[in-house]
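Both of the next two complexes hold chain A, though its partner changes from chain B to chain C.
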Partner chain A sequence: MLTTLIIIFLPFAASLLILFLSPWLQKIELGKKLGWVTALVPLICLSSILSFIHQINIEGALTFHIPWVETYGIELSFLIDGLSILFGILISGIGLLVVIYSIWYLSDKEDKVKFYLYLLMFMGAMLGVVFSNNLFGMFTFWELTSISSFLLIGFWHNKETSRYGAMKALVITGVGGIAMLAGFILLYSITGTFDVSKILTMGDVIRSSSLYMPALFLIFLGCATKSAQFPFHIWLPNAMEAPTPVSAYLHSATMVKAGIFLTARLSPAFSGTAFWVCLVGGIGMTTMLIGGLMAIRQTDLKALLAYSTISQLGMIMAMLGFGTQYSSEAAVVHIMNHAAFKAALFMIVGIIDHGCGTRDLTYVGNLKKEMPHSFKVAFVACLSMAGLPIFGGFISKEMFYESTLHIPFVGIPYLIPLIAVFASLFTFAYSFKFLIWGFFTDAPEHPPHHPHEAPVLGLLSPVVLATVVILLGLVPGLFSHSILEPAATAITGQPATLHLALWHGVNAPLIMSFFTVVLGVLLFKRLKQVNAVQNRISAVLPWLSPNFVYNKGFLEGIPPLTQRFLRRIQSGNLKHYLFVIMSFWMLSTLWVSLSKGWVLNLDTLLKTEMTLAQGLTCVLLMGAAIATSLFENRISAILSLGMTGFLVAFFYVLMGAPDLALTQFLVEAVSVILILLVFHFVPTYFDEKPSQSTKMADITLSAVVGVVMTFYMLMVMDSHLTESIAHYYLEASEKLAGGRNVVNVVIVDFRGFDTMFEIAVFSIAILGIYAMLRLKKKAKPVQEGAPSK
Partner chain B sequence: MTSLIFQTITRLVSPILMIFSLYLLFRGHQLPGGGFIAGLMTSAGLVLIYLAYGCERFDWRNRSRFFYYLFSGGLALSFLTGLAGLFVGGFFLKSGVAHVHMPLINEEWEFASAAIFDLGVYFVVCGVCVSLMTLLGEER
Partner chain C sequence: MKMLLPLVIGVLFASGTYLILQKNMLKLVLGIGLISHAANLILISSGWIGPGQVPILGRDETKPFVDPIPQALVLTAIVIGFAAMAFMLVLALRVYKDLKTANIEEIRGQRG
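This part shows the complex of A and B:
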């Protein structure tokens, strides 16, 4: 249990520590020290996660609970099984390599304190998502990843494009997050629990529920936005504005894998229906195809990798969508492969960018000689991405092909395998574009400065990752039993056994691979012509891209609408606000009472007795109220209003309620004085003469309020919708709370929460008044200079 | 407003108001009274002084800081009472009663944690009302 808490909260604690030490850290000469210290955090997390592997393989999934709001089943609880271990290893392992890489990458000019602060926060949030066992906990961490990735993507916040990219990522993943929350609530209403491990065992209940489709759709919307699935993929290429270590981290192993993770996590509960296969598998295949199609067009290496990530994520999503035992195993293998080779490639792009001053293929080329070590890493990673033998990518590509051959619920034979091969052609082409254009052929233009290789520190992480890529291909058994099998088991719910090997004999997948390579080479040879056609299409038909919808529809369309709406409801006129509030109140009250068919029983009204004193008070009260509305002078109006209050208090005395009477007297006394003090600010007389129509509207509303409230008061006296709880309070007051003044006990004890928030509102109100009166004065000189609106 | 009659009456009445408000505060749990009423009554006393002697005499402007601390402190006190309930009693705002035998006067006294909460309410009400008064009454 302690280990779990360390895994999740150590990154947060470390980032908090950096935050509080930042005034001190900003002052001293940091150099590379902070990076090395930070690297300890993912190292500790990684070793803690690895220590769980043995236990999980023997005992199965573990859960820990720390209750919080027990009544509603909201608790901090963690689930440790194969799937969370796999993602935990990716997050902390690649996190470690990224931190080491960033030590080289970040120059001394950069704000390292902020960088490591955000990075650790993000790492903690990701670990929280994958280890959460409670839907609310998971959602909280999920939103935290959105926020921290916003900070990371916008790290160079003085660049316009960074801010645009960060905003786009936040908006799209944020909208998805809200949809996901709605989905979680539907899921709760199906299962009656927030506990993920319990939900996973209730697959049959969920699938047969009428809410199945909306719940799945909403949750998948969250996953699709996060994992950059079509048509929400548009945020990912813009997120490339982030520093390269961030891109390597966010887009290989973490942020974009969160959606994959959640789809995998919930697949025991949701998969196995035609809707699941169509939605998840269909979106996945579409994304794979479109991502690949876009990737071959890019000349910016980072953009190429961004679109290739979209394509690869689509492929993983599709494998999860097929929902068979074999496809889930294939997905797990590819998650691992993709994280390794994609992180390596991003880091290589960072090195190229650093060494040449640009990463655009128009300027960069033939780097084989100048960057021999980077070339070796890129060679391994690109061939693995293209799915060529002896590397990990080949194994998972073969498994992908195999799983497309056996998809349930798809009527047309050969359709999906053909699309898979077709999409893989693009994968092959962009992998080779990266490798051949970047390292072999000469570029049309010269780079800003002569290329040079990165030092050992910069190469360390990519080389480690390339080694992993090779190991995944040559000795997959190293990972399959301890890490991949438990993860696949967690996805399908059935014990998985993986037989990973490069050679399976001549079978259908091998033939598909053969065609991919042959056709891929042909496509690669014609790449320049294909790109020219693509550029023409996008120039002629700009609205084909979902970016068009985001830029024109969202960024330019929504703000004017909200502004107009806001100006309408926030007019700044107090009377207008009161009018709106009162009208809404009356409409809702009338609607409820009419729909329930409540009627007033006049008999009880006629039987009600009234003493002479009470009657007199009532008459005076009415007189004072009418006088208030007639006075032209404000001070008279206020005093008359105060009189109504005192008369009400007197009425309480007559009815025998000393507590209420006392309170009312004091409130009235203090508030009359305070209102009089306010009148420094406003003219003594009501100058503005309202128009006839405003007067009519005001009078109508007042009359409606008066009549409805009278009606309700009389009805409350008459009817008892529920049993009165007065007796309970009278009895329990002394026994439970040790007080004989029931009114006071109710205030401070039984309804203590109300009082708590009331005094909080009080305090907030005074802060608001303080701000209005004191701060406005200070701001005045500025306002006078500004043009009046 | 400098009226001798008003000032004299204020000298007489405001101490009584203050003491009576404290009386209401402490008996609140058993008899009519309580933090809200007591807070209002204390503020009424202070408002009287303010009105009778004006803003300068007691340097309200500089002293108003005290009342900001008062209401923030009161809010914190109430919240901490709630937290204490969480840690001691198991849930937020759980109240408790202790009967303590006082040695010298040989009586059984009752201490309710709700009374501390009520004290917080008293501070908030009093602090807010007086701060509001000084803010609104400032010369402009």
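This part shows the complex of A and C:
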């Protein structure tokens, strides 16, 4: 329990510590060494996660609960099983290597505090996603990864392209996140729980529900945006504006695998239907194909790796989509392989960028001699990516081919295996483009600097990763039993046994691999011509890319629309607001009155008698009110208002309310004097003549308000919904409070607090008035003395 | 009376609404004054059941009393309404002194 909390909250705690200690860190010059201190955090997390492996292998999944919002079934709950262990190891292990790499990569000029703060925040959020056992907890951490990714992509925020990339990533993953939240809520309405481990046991209920398809679609939308699946992949290439350690960490090894993780996590609950295979498998295969097709075209090495990541993510997604036991095992193996070789390649690109001042293949080439160590790492990683024997990538590619041969719910035979081989040609081609163009053949132009190799500190992490890549190929059994098998078990729900080996005899996958290599070499030889054709196509048909939709439709289309909409509703015109408010008030009043089914009962209303005094007061009151609104002479208007007030007071007398009448008389007298005083200082009262249409609109709205209120009052006076509680006050007034004037007793005794707050309001108004009268303008001298009150 | 009172309230609301739709700040204040009268009358009429005795005890106890609770509420409302009106008036005065206009549309976007 404590260990779990440490794993997830240590990175957050450390990032907060860095934030608050940063001024002090800079003072003692530790700011430069911050990376070493930060590296402790993933190290502790990694060892904590490793300590769970043994327990998980014996006991299966572990869960911990900490109550949070119990009423809504939301709690801080953690699930530790093979899948979360696998991802936990990737996050903290690669995290550790990336932090060490970044110590070399970031020069002392960079804002290291900011960098490590964001990086640790991401690490905590990502660990939170994979260990969460509650959908809401998971969603919260999920969004936190989007936010930290946004901050890291925009790390060099003075660059326009960085800001564009950061925004794009946030918009696309954010939209997916909202869809996912909706999907979670649908999932809750099916299962009645937010608990992931419970949901996973309810697969049959979920699959037979009528909400199955929308829930799966919405949740998968979240996964697809996060894991850069077609057509949402467009944010990932732009995310390469981030510093290279970030690209290696977030945008190849961990964050983009969050969607893969969630798909894998929920497969026991959702997989096993034709819809699942078509949606997840179909999107996965499409992404693999398109990613590869785009990758071979790139000359920027980082962009090449970005598209290759898209392609590889699509491949993993496809394997999860096939949904068989074997394909899930293959997915797990490839997750591990891809994380290792892709992170290594990103780090190599960082070294090339540092050493040559550019990472574009137009300027960079034949680096074998100048960068011998980087070359060795790139060699291992590229061949693994291409799926050549003795490396880990070969094993998982063979497994991928094997799993394409046995896919449920797909009618056309050979279709998927053919697409798989076709897509793998591109994988082969871009792997060799990276390796051969980068390290063997000469580039057309010269780089800005003469290339030089990175020091040991920069090479350490890529070398470690390359070693892992070799180990994954030569001794795959090293990881399979302890890490990969429990992970595959968690995805399918069936106990998995992996027999990983390089040689399985001559079988279908081997023949497919053979064709991949042969055709791949042919494609690579013709790569320049192919690229030329691709460039022509994209120049002629720019709308083929989803980027076109994002740039033209979203960035250029939506802001003017919202601006126009906003201008409409937030015009800044008081009258406009009043119109809207009044109209809404009238409509809601009418709607409530009519929906209650009240009808006017004129008989009883007409029967009540009326004295002459009452009738006369009413008529005079109406006259005075209308006069107040129509007089353009200010003295007449004030006197009419005063008359209205005095008539209301007289009305109180007739209604048996002498206290009210007394107060109203006093207040009205003071009001009139006050208004006259203010009018003395504010001479303008006349409006410029309003146009006829404005005047008509004003009159119409006023008339509507008047009619609706009359109607409403008629209905209110006709209905007696509840008994009055007056008799209590009439009885208790003398007994409990010793007063005979019941109104006064209510005010000072029964509702004494009301009166106290009324006095408070009055005092605040007085203070406000005093302040306004004494206030002096700062910039200009005051022209007139403030009038004394 | 039961017929006329709603009409009075309606007219007060209509006149008040017309005034607050105008551009002059002072008209706005007068309009709010009219509407607060109307609101007070709505409150008081909710407890009014026709002719009744003033709610002061110790006299003829046989006739029914007028409901004292709305009266207490309205008493509070009158005083607070007055405070609010005084505040608005002085605010209008201040704005006029600084900006030399009482037209609401001209005030928008200006700084003194």
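Operating definition for what follows: the second predicted complex is superposed on the first by the 567 of 789 C-alpha atoms of A that agree within 3 Å, B and C clash if a C-alpha of one lies under 4 Å from a C-alpha of the other, contacts with A are read in each partner's own complex, and residues count from 1 in each chain.
The working rule: contacts are C-beta pairs under 8 Å (C-beta built on N, C-alpha and C of every residue); 3 or more make two chains touch, one makes a residue touch a chain.
Everything numeric in this text was worked out from a predicted model, so none of it was measured.
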Which of the two partners, first being chain B and second being chain C, lies in contact with A:Ile511: first, second, both, or neither? neither
Which of the two partners, first being chain B and second being chain C, lies in contact with A:Leu415: first, second, both, or neither? neither
What is the contact status of A:Ala274 with respect to chain B (first) and chain C (second): first, second, both, or neither? neither
In the overlay, answer first, second, both or neither for which of chain B and chain C A:Val716 touches. second
Looking at A:Asn741, would you say it contacts chain B, chain C, both, or neither? Reply first, second, both or neither. both
Considering only the touch criterion stated at the top, classify A:Ile537 as touching first (chain B), second (chain C), both, or neither. neither
Dominant contact partner of chain A by residue count, chain C or chain B: C
Once the shared chain is lined up, is A:Phe753 touching chain B (first), chain C (second), both, or neither of them? first
First (chain B), second (chain C), both or neither touched by A:Val549: neither
After the superposition on A, what does A:Leu474 contact: first (chain B), second (chain C), both or neither? neither
Could you list which residues of chain A make contact with chain B in one structure and with chain C in the other? 658-659, 663, 667, 670, 674, 678, 740-741, 743, 747, 755, 762, 765-766, 769, 773
Touch list for chain C against partner chain A, complex: 1-27, 29-31, 33-34, 37-38, 40-42, 44-48, 50, 52-58, 65-69, 71-72, 74-76, 78-87, 89-94, 96-98, 101-105, 108-109, 112
Interface with chain A, chain B side, in the complex: residues 24, 28-37, 40-41, 43-44, 47, 51, 68, 71-72, 74-75, 78-79, 82, 92-93, 95, 97, 110, 112, 114-115, 117-118, 120-121, 124-125, 127-129, 131-133, 135-138, 140
Sort out for me which residues of chain A touch chain C in the complex. 572-575, 578-579, 582, 604-606, 608-611, 614-615, 618, 621-622, 625-626, 628-629, 634, 637-638, 641, 644-645, 648, 651-652, 655-660, 663-664, 667, 670-671, 674-675, 678-679, 681-682, 684-688, 690, 698-699, 701-703, 705-707, 709-714, 716-717, 724-726, 729-730, 733-734, 740-743, 746-747, 751, 754-755, 758, 761-762, 765-766, 768-769, 772-773, 775, 777, 784
Applying the document's contact rule, which stretches of chain A touch chain B when the two form their complex? 658-659, 662-663, 666-667, 669-670, 673-674, 677-678, 680, 737-741, 743-745, 747-749, 752-753, 755-756, 759-760, 762-763, 765-766, 769-770, 773-774
